[in-house]
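Before anything else, here is the set of structures, which you'll find just below.
Two complexes are shown next, each including chain A; its partner changes from chain B in the first to chain C in the second.
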Partner chain A sequence: MSEQITVMINGKEAKVPEGILIIQAAKMAGIDIPHLCYCECLPSTGSCRVCLVEIEGAKGLVASCARKVKDGMVIDTDTEKVREARRFVLELILSNHPGDCMSCDKNGACELQKYAYELGIEKTAFSMKDPGYEIDRSNPFIERNYNLCILCGRCVGICKTQGADVIDFVKRGMVTKVATPMDKPLQESGCDFCGSCLAVCPVGALLEVDRRFRGREWEMEETKTVCSYCGCGCDLVFGTVDGQIMRATGESLGDFLCAKGRFGWDFVESSKRITKPLIKKNGVLTESTYEEAFEFAAERLLDIRKAHGANRIGGFIGAGNTNEVAYLFQKFLRAGIGTNNIDSSARLLGFPALVDLYEALGDGAVVSMENIEEADALLLVNADVTVAYPRVGVAVKRALSNGAKLVVVDAGRTKISEKADIHIQSMAGSNEFVLSGLLKELLDGKVYDEEFAKKCGKFEDLKKSLGKLKMETVERESGISKDVLKEAAKLYGEGKKTVIIFGAETVSPQTMELIADISLLTGKTKASVLPCLLSSNLWGTVYMGALAEFYPGVRKADEAGSDFEKAWGVKLSKEAGLSIKEMLDGMGSSILGMYIIGADPVAQLPNSSSVAKSFSSLDFLVVQDTFLTETAKLADVVLPGVTLAESNGTIVNMEYRTKEVRTAIEPLVQADWETVVALSKKVNYTMDYSSEKEIAKEIKSLVSIPKKIEKNTYKFTLVEPKISGEEPDKKYPYTLIVGETTFGFYDGVRTKNSKLSELEPNMGDYVVFNSDDAASLGLEDGCKVTVKSRRGKVITSAKILDFLPKGMFFMPSCHNKQGVLSSDGIDLKLKSPQDRLIAVSVSKEGVAK
Partner chain B sequence: MSSDGCPVLIVLEFLKGFAKDKMCGKCLPCMLGTVRMIDVLERITNGKGEEEDIVLLDEISSYIVDTARCKLGKDAATFVKDSLSSSKNEYEEHIKDKYCAQKSCETIVSYQINSEKCTICGACKEVCPEDAIVGEKMVSYLSDNKPYYIKNKKCTKCGECLAVCEADAIEIV
Partner chain C sequence: MCGCACNTKKEDVKVQVDTGRVCELLKKYKGRRGVLVHALQDVQKEFGFLPGEAIGVIADEFDLSLAHVYGVASFYAHFYFTPRGKNIIKVCTGTACHVRGSKIILEGLEEELGIKAGETTDDFEFTLETVSCVGCCALAPVVVVNEEVSREKNPKKIIAILKNKKEENDE
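Let's look at the complex of A and B:
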């Protein structure tokens, strides 16, 4: 805390910290100085001249957003001279603002309007001027009306600090305008559509398209909840009018939301939502009633249990449901049905390896966004942060602007790798070699914390095994010279506050172990490792016991069983639960019935055609979801599900924080928890809850979320580096990397039903080739190509962009074509698939190879 | 300020040059205010100035001096202010009398034919693109001449007639 000084503001004494701006000091003293260009989240530009104040002894008027307070300063914010000057500026602005407040959505929230009113400006002294710009309505989300623009520059500033940096002032003097390079439309300019510009615009120049003429500020009801997309779990405030969502914003001005968070909620209102229970009759899913669907589903599940035993039934849950739903679901299966066969999408997205990672480091290692922003050295491993986890991307950008050093390990060039001090562009799948190399360089270069490392278990063994590791092998496998690794090790090792950030679904469990080793070796175990998660409630889903290995509270089944028998009042199965892979293998024989909530395993699991075959061989399948997914199409009973915007409860985000989810709109269908409770009643296991709150209470009495990680073993793991993913061979010589895109998301169920899909070229149905490969394969931009793997082939279109090295192609995961290609090779230890690197061959469609 | 040349026009040209070259366009009072001053000055030099315009110019320039972010903008406004006080008469002449003493504000001045010098040759009428000149060519030994004169409402002060008159009969007043 800096020193307090005393200033006089409008005749009152105020104590304020030294070094802040006059406008901030006034705010602390409860005085709002009118301002247009100034924005707390941005550096001052001092351009609007509305925040002028008088300072005793100073010559002329002073912009309060540009001058810092000094001890003893006497400030007047509301003298006649100040008001006159403000009035002059506002009248000038108003004469260039041919807006009609009558039909403007910003009416009531417009800052120009507010100050004009406060200063009593009835009519501007100057004649009106209309700039005559055409209104840009060419993109699906942001309406740009530069006739209303007052050139305050907030949008330009925020686009530079947390956006894609695509807009700026063009031209000078009287014809100044905010525009993209060459004045192209936003969608062609490289804009990420984070909408930060729109959030800070003080007038109606930038508005949400969806909101136009559907309700104004004072009619809007606001609900604070959590974004349902990636694991960042950003706070989201929905503005609703008459039970319909108008817009989503951050909690305060300048809070970052990405395109998915700010605009991608519209899937909630999609006409393709399932609104009635469906029952398959003569092979066709037909509308039915809840009562009939519950009766039917319960009867079939009970039949299977009676004839073959409870362990012939399994469950699978997505990682985007609330803790309450995940808890109820596993309770239904374990206590209601009597089986431990329950698994979740978490297994496809980095679990249970992440549980081990934090157990190795202790819960001090948990990282918040603020920790990243304050860091001085960052190591990014296979995390395209600006695209897949945009909030992390912004944190990294902020850290960089604070002078942090950045090392990126990624096969491709990304927006963030271009800002990196060192970009280790290693071969796809060679992370383990790169990190082992780094570990060795840290040790050999003596940039590690010897005192701390000695205290950790197996330090001598680590030294020995790293002694055996040849840097030549690392160089050969990764394609990276050891000098680069040495430099990177130095950059990271010498940082005082460092964070390792990695994409949990893209790296192997062994890579995670190596990351833990690096943390331990350098003694950086406090706020040091952030796994980026792709789904909103991964930690919560796992902690609620929706993973085969664990009961709620990540307790092993054998030790926790008796506790839960007591709590739930039934005998529980002693048999260990099966993972989804094991269930898949047994479908048709050892697994006959499945219950799935909020997940699309046919689309999410690798080798989708064999997955679909397995699901079709089930005796009975019930799916509860918001849309008719690939899996739901195979179901015998489909129950309508709700989205996060219609749920109450909690989630745990990637920062390991519990966040509250609240219903922003009236649920379209029965809430998920009510559906589970109703079905449970039909299988003769009564779960008695009247609201989500009661479920939360029960959870609280059994486990603490997020679970405190007490154990910190502090032991090195000694990983033998291997190439992860499928290795190319003669027949399949290329590597296909499956990943996220800016406007697509994971299995694409939500983004496909949102206007986001209009921004994703070809709705994500493409493969990116670099120009060298395209030339040698004879491909041109947009042509049809056949991509073949050992499992199958797909036809898609080619896009030529140079961000990956030769021999590697990129396919967006949101269109879900990779499922046909991907390998279901499984990491045996963790039973999770490694499906994001696929060996493929490529040929131009219509040309014989 | 140079003594030759109309002070109002000099200020106008100066502001136009400033807006085109030096102005950064970042601070609103300077950018928007200068545009307004140019508007007013153009109005005055076109003979359409109103009595309040001098006050308006004085106000705008004073406010810009008070509020602009940098010295460039303040200096430009100061230039206007100084001109207003040093050449008050000229501004008033422009506005009230629609008269430009330097005869450089083209739309304020008017063209007249000095009938004593005019030879009634008709050359001016032929070249006038606006048909602003009326009269008939003199025919020898005939009385009842219709001498030439310029209709001021139509005249755009293009100067064509000036160039063809051999008798220097067309005068700018």
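Let's look at the complex of A and C:
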């Protein structure tokens, strides 16, 4: 805490911390100094001169956003001299402004308008002139009307700190304008559409396209909830007018949201939403009533149970539903149906390996964004943070601007790897070798915490096994020289506050174990490992018991079964249920009926043509979802689902924070929990709740989330490094990496139904080749190519970009074409398929090979 | 595209930029600060204007954002972002030249070349510009033709001289 000093502001004494700006001191004293260019979340530029104040003894008026307070300073913020000066400044600004307040959406929230009113500007001294710029409406999200721009520079500042850094002032004098390089449209200039510029714009120059002419600021009702995309789980404030969403913003001015968070909510209002229950009649899904659908679904499920037993039925839930829905769903299956065959898409996105990691490190794995921002050394493993988990990307950027060191382990070049001190561009699938090499270099280079490591179990074994590891092997398998690894080990190991960040769905469980070992070896067990999670409620879904191995609270079935028998008042199976992979294998024989909520396994699971076949062989399939997904198309009964924007409840984000989800708009259809409750009544296990609150209360009495693990003893895991992913061979010589894109998301169900898809080239239907491979394969940008794997082939278009090394191609996951190609080879530990690295061959379409 | 630039907009003209050449030009500035404008000048000298691709190389080499480099470059009237003609004709419109009839010269040139001040002919032979003063008011009115101050007042003659020069060179 810095020292307190005394200043006089408008005749009143105020104690404020030393070194802050006058404008901040005044705010502390309850005085708002008018300002336009100044923004709390940005460095001051002192350009607008609206925040002028009088300081005793100072020559002339002083910009309060650019001068720090001094002890004994006497400041006047509201004298006639000050007001006169501010009026003059505003009149100058207004001289280059059309003054069309009547139809401006910012009317009532515009800061220029507010100060002009407060300063009593009736008629401007200079005539007001419309600069006459053409309004840019060429992109789907941000309307840019530079006639209204006052050149405060907030957008330029925030684009530099948390955006893609694509705008700046161009030209000079009266024709100065904020523009992209060569004044191209945003979508052609590398803009990420995070919309941070829009959030800080004090006037109407930058506006949400969707909001235009649909409601004024004062009509807007605001609801604070959580973003439904990735696991960052950012706070989202929906502004609604008459029950329709107008915009989404962060909670305060500079809060970061990505394109998906700020603009991608429009799928909620898509006309393709399922609005009525559907029943398959003569092979066609036809609209029905809720009652009819419930009756039919329950009857069929009960038939299967009666004829073949409860374990012939299974359930699968997406990891983007609320805790309440996940809890209710697994309770429905376990208690209502009587089977533990319940699994979730968490299994495809890093679980249950993450449970092991959490148990190995305890609260070492509880990291907040602030921990990253304060870190002095970061190790990023296989996580394209700015694209897949943008909030983490911003945290890393902030850490870097605070001077943190960064080591990136990633086969591809990313926006973050370009800022890294060391980028270990290792060969696909060789993460385990790189991290083992790092461990060895930490140990050999003595950049580890010996005292702490000695206290951990198996330290001697670790030393021995690393002693056996040959750096030559690491070099050969990863293509990275040991000197680079040595340097990286030093850079990371010498950090005082470090965080290892990795993409949970992209690394192998062994990689996670290696990460835990690195964390232990360096003695960094507090907030040191952040698994980046792709779905909004992965942790919650697992805590709620929607994973085959675990009852709620991540408790093993045999141990927890009797507790839950008491709580739920029925006999329960004490055996772990089947994982989705096992259910899939048994479909048509040991699994006859499935109930699916908010997930599209046919699209999400690898080797999709065989998955679709399995699902078609079921006796009965009921799917509850917002859109008619690939899985829903195969269903016998489709029940309408709601989006997170229409739900109440809680989720647990990747920081292990429980966050409250609130309905921003009237749900289009019956809430998910109500549907499950209604169905439970029909299977003669009445789950009686009157609201989500009651479900939450029951959860609270049974489960603590997140589970607290206080660790006193730690132990190394020791991992024998292996190449992960599918091995290329002569027939399939290349490696295809499946991953996220800026405007696409996971299975694409939501982004495809959002205007985000307009920004994703070809809606994500492409494969990226580097120019060397493109030349040797004879491909040009945009040409059609056939990509073949051992499972199948797809035809897509080629895109030539140089971010991956030779022999590696990239395919966006959001178009969902990879399912045909990807391997369903099962990871025995995870019982989950490894589908992110696929061996493929490529040929130009129309050319015989 | 027919090969000549008849129907293409100036902004659309693709100029093959030898990025290696740009890097070469920037070599001497490596690791130095406050040299951006010098670098831009050197690149413009090489290509006659600042091609977008070259600006990209400059941004990469100096580790600056493209937006920043473009922002700096666009601040100065001296930098151009579209290809310019082989011959640059600048008509002085400063006070002295103005009162001695520079407007008539300018209008004459505009008519003769079929372009307005600030534009370039479709064959990229001529760019016509105005300049506010070139510092030789005693000679007014003057025209600056390819960096050379000329007292020639007849637009036809100015162009004819340049065209003749071209023919001489061609031969």
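The definition used in the following text is that the second predicted complex is superposed on the first by the 842 of 849 C-alpha atoms of A that agree within 3 Å, B and C clash if a C-alpha of one lies under 4 Å from a C-alpha of the other, contacts with A are read in each partner's own complex, and residues count from 1 in each chain.
Throughout what follows, contacts are C-beta pairs under 8 Å (C-beta built on N, C-alpha and C of every residue); 3 or more make two chains touch, one makes a residue touch a chain.
Since we're looking at a predicted model, the values are computed, not measured.
Of the two partner chains placed by superposition, only chain B is touched by A:48; chain C is not. Judged by the touch definition given at the top, the superposed model places A:92 against chain B, while chain C stays out of reach. Among chain B and chain C, the chain that touches a larger number of residues in chain A is B.
Shared-chain residue A:180: touches chain C; no touch with chain B.
In the superposition on chain A, A:160 contacts chain C only, with no contact to chain B. Touch criterion met: A:150 reaches chain B, while chain C stays clear of it. Contact with neither chain B nor chain C is seen for A:501 once the two complexes are overlaid on the shared chain. By the touch criterion stated above, A:172 is placed in contact with chain B and with chain C alike. Common to the chain B and chain C interfaces on chain A are residues 169, 171-172. Chain C makes touch with chain A in their complex at residues 52, 55, 65-71, 74-75, 81.
Per the touch definition, chain A reaches chain B in the complex via residues 45-49, 52, 60-61, 63, 81, 84-85, 88-89, 92-93, 95-96, 125-127, 129, 150-151, 153, 169, 171-174, 176. The residues of chain A lying in touch with chain C in their complex are 159-160, 165-172, 179-182, 189-190. On the side of chain B, the complex with chain A involves touching residues 19-20, 23-29, 31-36, 39, 56, 59-60, 63, 65-69.
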